[in-house]
Amino acid sequence: ADDPIKVGILHSLSGTMAISESTLKDTMLMLIEQQNEAGGVLGRQLEPVVVDPASNWPLFAEKARELLEKEEVDVIFGNWTSVSRKSVLPVVEELNGLLFYPVQYEGEESSENVFYTGAAPNQQAIPAVDYLMNELGVERWVLAGTDYVYPRTTNKILETYLRDHGVAEEDIMINYTPFGHSNWQSIVADIKKFGSEGQKTAVVSTINGDANVPFYRELGNQGIDAADIPVVAFSVGEQELSGIDTAPLVGHLAAWNYFMSVESDANYEFIDAWTAYTGNEDAVTNDPMEAHFIGFNMWVDAVEKAGTADVDAVKDAIIGVTVPNLTGGYATMMPNHHITKPVLIGEIQDNGQFEVVWETPSTVAGDAWSDFLPGSKDLISDWRKPLECGNYNVATHSCGGAADEAAE
Amino acid sequence: MSIFQELSNRDRVFEFLAPAASPVDVRHGPILYLEDVSVSFDGFKAINNLNLTIDDGELRCIIGPNGAGKTTMMDIITGKTRPDTGSVWFGSRHNLLTMNEPDIATLGIGRKFQKPTVFEALTVFENLELAMAADKRVLQTLTARLSGEHRDRIDEVLKLIGLSQLRNREAGILSHGQKQWLEIGMLLMQKPRLLLVDEPVAGMTEQEMERTAELLTSLAGEQSVVVVEHDMGFVRSIAKKVTVLHQGSVLAEGTMDQVSNDRKVIEVYLGEGA
Amino acid sequence: MLKVDKLNQFYGESHTLWDLELDVPKGQCTCVMGRNGVGKTTLMKCIMGEESVKDGTLSYNGGVELTQQKVEDRSRLGIGYVPQGRQIFPLLTVEENLRTGLAARKDSSKQIPERIYELFPVLKEMKNRRGGDLSGGQQQQLAIGRALVIEPKLLILDEPGEGIQPNIVAQIGEVIRKLIAEDGLTVLLVEQKLPFARKYADRFAILDRGRRVAQGEIGELSDELIKQHLTV
Amino acid sequence: MSSSQSWLLRPFNERSTQLFLGILIGAVALVSILHLVFPEDHALHVSAYTVTLLGKYLCYALLAVAVDLVWGYLGILSLGHGAFFALGGYAMGMYLMRQIGDRGVYGDPVLPDFMVFLNWQELPWFWHGFDMAWFAFAMVLLAPGLLALVFGFLAFRSRVTGVYLSIITQALTFALMLAFFRNEMGFGGNNGLTDFKDILGFDLRSDATRLGLFIATGIALAIGYVVCRGIVLSKLGRVSVACRDAEARTRFIGYRVERVQLFVFVVSAMLAGVAGALYVPQVGIINPSEFSPLFSIEVVVWVALGGRATLYGAVIGALLVNYAKTVFTGVMPDAWLFALGGLFVLVTVLLPKGIAGLLRRRKKADDDDQVTGQEVTA
Amino acid sequence: MSILRSLTSLLLFLALTVSSVAHAQTSDSEATALLQALADSSYAQKEQIISDIASSGDERARTWLEAYADGKLSQTKDTGQFVIVLTNRGRDWTVADALSGEELGEMSRRNIDKLRINNALRKEVEGLLSVIDLTVDNADTRLAAARALKGEVDAVLAEQVVSLLTTEGDSDVRAALEEALAIHRVEQGDLAAVAVLSGSLNAQARVALNNAAQGDNPELAAAASKALESIETKLKLNSAAETLYFGLSLGSVLVLAAIGLAITFGVMGVINMAHGELIMLGAYTTWGMQQLLPGQPGLALILSIPAGFLVAALAGIAIERTVIQHLKGRPLETLLATFGVSLILQQLVRTVISPLNRSVVTPDWMSGSLMINEALSLTLNRLYVIGFALVVFAGLMLIMRKTRLGLEVRAVTQNRAMARSMGIKATKVDILTFGLGSGVAGLAGVALSQITNVGPNLGQSYIIDSFMVVVFGGVGNLWGTLVAGLSLGTINQILEPWAGAVLAKIVVLVFIILFIQKRPRGLFPQKGRAAEG
């Protein structure tokens, strides 16, 4: 009866990121459609507003502004890369919008207007390393990543973490490559050499996007077997695997908070809905899709709880909201705008799926500020009253720069 | 007085055709001096121990079979091609081999190309304007203003080369002969001390040839002129001294009569009929 | 051999050829004359199809309407063209330049006729040099040689003597006469130099400002006509 | 022609420049008034969003003018002008970063956030001075200018021309992109510089600052246009065209081609730098993707689409393409590339001289009539 | 090490049973019990059960273990029946009974409970299987198994190896076994064994020598250091050869990507920004072929060569006919139009096929590597690509040099009007040449599908490099493209180990910029008057 509630979808449908992001747009459209069939929210229908920021970072900011100012959407689901989020962040804060960000990221951020439904480093990287260290007895580490903030930060954190656990400096090899790197010959050869010096070696890969296919191909061709030197990846999911011939990759690992192969009714339902929605029997689901699923449901709950789609009300109402995730558990929105997640380690199967080989005993709450970085170990984030601060320093008992400004 | 009468008046030279003051030192002899110059392309010797001197104010004709190296010689003088050996002096002070094209042009060596090359996107007027002797450094060019005097000068040349009506047309649309004339016009605007003219009358009618002959002879004296031409009638009408090149070196030198009776010259160049 | 009738041509808005008429009888050499910029080259280009004509007809060899023919096919009909300014292919070797002419030959031979090299020995000497490296006169010889490769029935020469040394100019004249005599070649010549025209042409036509203002046997080319149309 | 005037004044006598400046100033003024006078919910109100968007287009337009100057008139197809744009942008971005002061998330008074969390101990040397506006603004001109000077000096001295020049400009921007992507470089890597707070003491989030930046961009475009036009109309402009069409020949009449090229190239690079500097505060981010070769190619495409060697064509092209992008990415997010690609193809095939060619065709026809008229009567 | 334990026990068992040909078949119920234990136990217990299965003497054990290692051994949820999954794509999987081997048809994947395995177990199983392999008839299998033993030999196993050596007839296998034994002996401090290892390129041998060199026994340490030295020099040589190979293979990828452009851009002068997308079409053709011929990736790949050529050539011709032919004499504008075309093609692929990458399977004969020695092996896919690049190059060279097309296209680009006046059918030449250049781009795509992503962005990642290579080599010179591609690739790979991937690329770009200063017209410039204008 009322005006529809507008939901902005800010995912690249063209350019380099379309590979990853365009399915998230479809996921959102599906979720909105389902919700509308179930009667909408507060009796109002949801209306998706899709724009294409075309993998262009300034365009992300422009489009966010368009969504908030021109289309006057009540919430935005979007972004994948860190830089796009950084670009959008000031706009969302200025115009007081809501952004749900579904991808694992480097942390070190907490915004009043952003909800991080993907994993923070402590929900993905650290448990994965624990697994390798404790279960597989890995002693030498290759940290290979694409040269941008997420891998840099993650590797910084891991480096500190490993050193804390007694790994010597010469047992850590760090390597960065540019985006879309396609010629992995000498790097893989180096890894092979590094791994053939007697101790058990593993690769922690934060290699992003398109660079993965040639990387894994090269691994396979140079005969690096998962049993010898396993690779655990944080950016390779079912969707990425669907573009790779996985036969040579069996046994390599990935750490996520969701796998399509997880056996739970919620997951089966979700997969069924997704294949029906896309009309593609072989369509895969992945972790960021689950993040959107969780984020969307949390938002719906919060709107219903607040009785309005008004941003400020939803922002307050959503903290503490708990919804089922797809792995059979529950996700709760924490005061730092991160959520609780289980951490799963999966091994790649020859059919492009993961087989869960290990999981955390309970869910882990996302940590906005890493304990393993000198600049942020004293920072916490709590958006509840009265603190209402994204970067509260527990050592000096003051809220950092952003608070000054909020006061202005 | 028509411009032609004026031009044929040998003892008076137009102001605008007078050479710009140039630091060329000709007190001790020739204005141009080539000694033992050789150049080869992929092993083919295009110029072979060439020696040549041009006196100040001289009008010299150079003839020789196709491929004798006449154009290449001009390329060397103007800095386009570097010889393998030898030396080239402009006056007694300037070693041309150490200079680049614009420096050489600024010194006062102007050239008309065998295949007419003009700035096709610019108008005829602008072509002449650019060629005009002036301070050609960048900032000076940026701030340059076209005075009435300059205009008059350009107008005069335009009239001389018969392109007044086409002054505002793009040079690219000119016919072959018209481009030839424009090149000559540009050369005149440059007011060089030494003019190198490669086949000026190709594609011209008899009368135009006469006009060109008059023009070139009128220039000599104050300026030095080197003409390359295959039209013997034309050469005969202007030449005092003729140099014959063959296979990159001088075959014969002398007056037109001497040269045209030279057996070797007849054999390789003029042919029996001429 | 070629009859040009009421030909009009425009460069954009400017009318260059006006109702032009011209007869080129078979087995003769017709010389087109005129001052710079009157439209001689333009006329040749129209015949070759490089410029499009507004109206008028060009009937070739008793009836073939050239304006209806594709440019590529005109040379296949036996028209050889030596354009003004040589237009050789600068980065092809001399031999390759000549070989381009083989496309239009009737007998689809793959050999360059030895005769060309006999005529212009310098081309044989410089067979493997790039066309663009040749001297001006050598290029001109190459252009003529290239046109002869297709063994044309009608040869169009736009100021062929330009830049060529005197003895070879004379030789070219002789060759033209020889080909006319032996093979019944028809020649359409553009030439400014009166002595050459007088010596080797059979007929003349004078253009002025895009119109044909006179024509006739070469003997009829009077000083008065010359004064009127060829001097400035 | 007004050839006796100072070169910078000459453009003002020209019909097309008058028209251009008139439209530009008029449009900027109109937008400003509509923005200020009407309340937000009024139908005629121009929102801050639109103002900023237009400001961004104007930056692109200035960049396109800079590219047209070197491509259209000097014949240098620069496939790396994005580098100069980005350098100007980074200079401005560094200034804006330093302005954040201790308001960053870590509250470090000196180090920008990205340095703090990657564990940098002190500010790298090249960041010094950027806390001062005058220095930063000088660097906006100097950084791209200097790069263009060194690069151009080498390239032009060696007489690199044509595609070779194009490709090394591309290599230049590509190398810079990779370098700036490196986090070790100290420019924030892929994330670039963001989260700016204020400029010259004005809050970047306020509408008034936005409007101010928009107007400043308008003025910069106007000045840039006049400078370019002045160069084009001067004798130097004609020498440039001469270099473009017959470089060697220009040397033989005494011009030092490499210096002409260098001068114009540096001027153009600086203009691009200014465009980049104005762009950054308006879009709120500068990251290495501005260096990407494809962006530079796209700029060339704007110019070609608008009409090469007209300057105003470049402006039209930049505005049109970017407006089309904004609209299409919103209206048909899935298919906008078809529309944009189609636009490029159609304009090239149907309008040989770009959109400016459409406008000029009429004028040209008039001129031609005059000339032929003369000929007939003469 | 746990693996040693089971290896040892198995070998003991084998030593007993190797002569008895007929294996006893355990009953189905015993087998089911074993499998059930495997299914129910924890990872730690599974290890023991695996070796129980291996030593059960059941001739199906090998099948079970293989299936288990492949993750194919499963149990149905409803009936608890043990099955082996035959195909595991899509929602329904085909399975066969694990005990009888009888095919059971399709079954919902949600009904199938996989017997869990992880890397450690997989390695264990593989170890077991390879020990079995030590006694099979096929010498190659034995050799592989013997090689796998290096570094795994312990005291008990050593004796077994010694006894195996007495019966082993194949010299290669013997050498491998001896080396494996020597590694163990060096570890034990046996000085004589050092000599066996001296010159060995095996990593485990090096580890053993290294340990010995740092050990307390001075005599042994000295001998080990000496052996290591000789190994080091050998290794250096090998790694130089490896770098060269990497360089050539990167170079040949560059050559392949650029060579089509060397025709369309270098020879015809069309600035074809859609070149990358033509490559992409070739790659997608390969994917399409593999979809058409499922299960025959090799055949599909071979058929893709003509198909990829055709598809890309036709696309190229379509571009030529609809767009480029209208831009004659405006070469710069081709940049604008083809840029548009490239956007359209990219998005077309995104919409029609998918924005996601497609998976192209590498046929068996192209995967893995060719082992030259234990320190140097050449990856097969890249070896094929190098060969392919050379063949394509040679073919193109032939066409451009030996057919009239080569001559005519150059004539047409240098002076179109004149070429037509000479009777050259310029339009036909355009079509053929552009088609040829595009087709070659398609071939590049087929090859690239074996190396990198097949996705909508494929083209974009190669377009810049391609132009760079063509220009660096000297526009219009095919040799230039070949030399430029190979040398840029090699330089890059030489730099990479010490500069890192990013810096190496930057250095290469700066190198190109500086090189062009020295040679303003590329590696192989067009020389002479005409080129200098």
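Things worth noting here:
To keep things simple, chains are lettered A, B, C, D and E as they appear, and every chain counts its residues starting from 1.
Everything that follows uses one rule, which is that a residue touches a chain if its C-beta (ideal position, glycine included) is under 8 Å from a C-beta of that chain, and two chains touch if they have at least 3 such contacts.
In this text, all values refer to a predicted model and were calculated from it rather than measured experimentally.
Comparing chain pairs D-E and A-E, the larger number of C-beta contacts belongs to A-E.
Chain centre most remote from that of chain B: A (centre = mean of CA atoms). Greatest Cα centroid separation from chain C: this falls to A.
Chain closest to the overall centre, judged by the mean of its C-alpha atoms against the mean of all protein C-alpha atoms: D. If you average the CA atoms of chain A and of chain B, the two centres end up 75 Å from each other.
Taking the mean of the C-alpha atoms as each chain's centre, chain C and chain D sit 51 Å apart. The distance from the centre of chain C to the centre of chain E, with each centre set as the mean of the Cα atoms, comes to 62 Å. In terms of their C-alpha centroids, the spacing between chain B and chain D amounts to 44 Å. Residue positions of chain C touching 2 or more other chains: 133.
Listed for chain A are residues 13-14, 147, 176, 178, each touching two or more other chains.
In chain D, 178, 181-182, 246, 248, 334, 337, 371, 375 are the positions where the chain touches two or more neighbouring chains simultaneously. By the touch criterion stated above, chain E contacts chain C in their complex at residues 404, 407-408, 410-411, 414-415, 417-426, 476, 526, 528-531.
Against chain A, the residues of chain D that register as touching in their complex are 47-49, 52-53, 56, 100-108, 114, 116-119, 178, 181-183, 189-192, 194-197, 205, 279, 283-285, 287, 289, 325-326, 329-330, 333-334, 336-337. Within the complex formed with chain D, the chain A residues making contact are 13-14, 50-54, 56-59, 61-63, 65-66, 69-70, 81-83, 86-87, 89-91, 94, 108-109, 147-149, 152-153, 156, 176, 178-179, 373-376, 379, 390-391, 393, 398, 400-402, 404-405. Chain D meets chain E in the complex at residues 77, 151, 154-155, 157-161, 163-164, 167-168, 170-172, 174-175, 178-179, 181-182, 246-248, 293-294, 297-298, 300-301, 304-305, 308, 334-335, 337-338, 340-345, 347-349, 352. Across the interface of their complex, chain C is touched by residues 41, 44, 64-68, 70-72, 114-115, 162, 173-178, 180-181, 199, 202-208, 211, 230-233, 269-274 of chain B.
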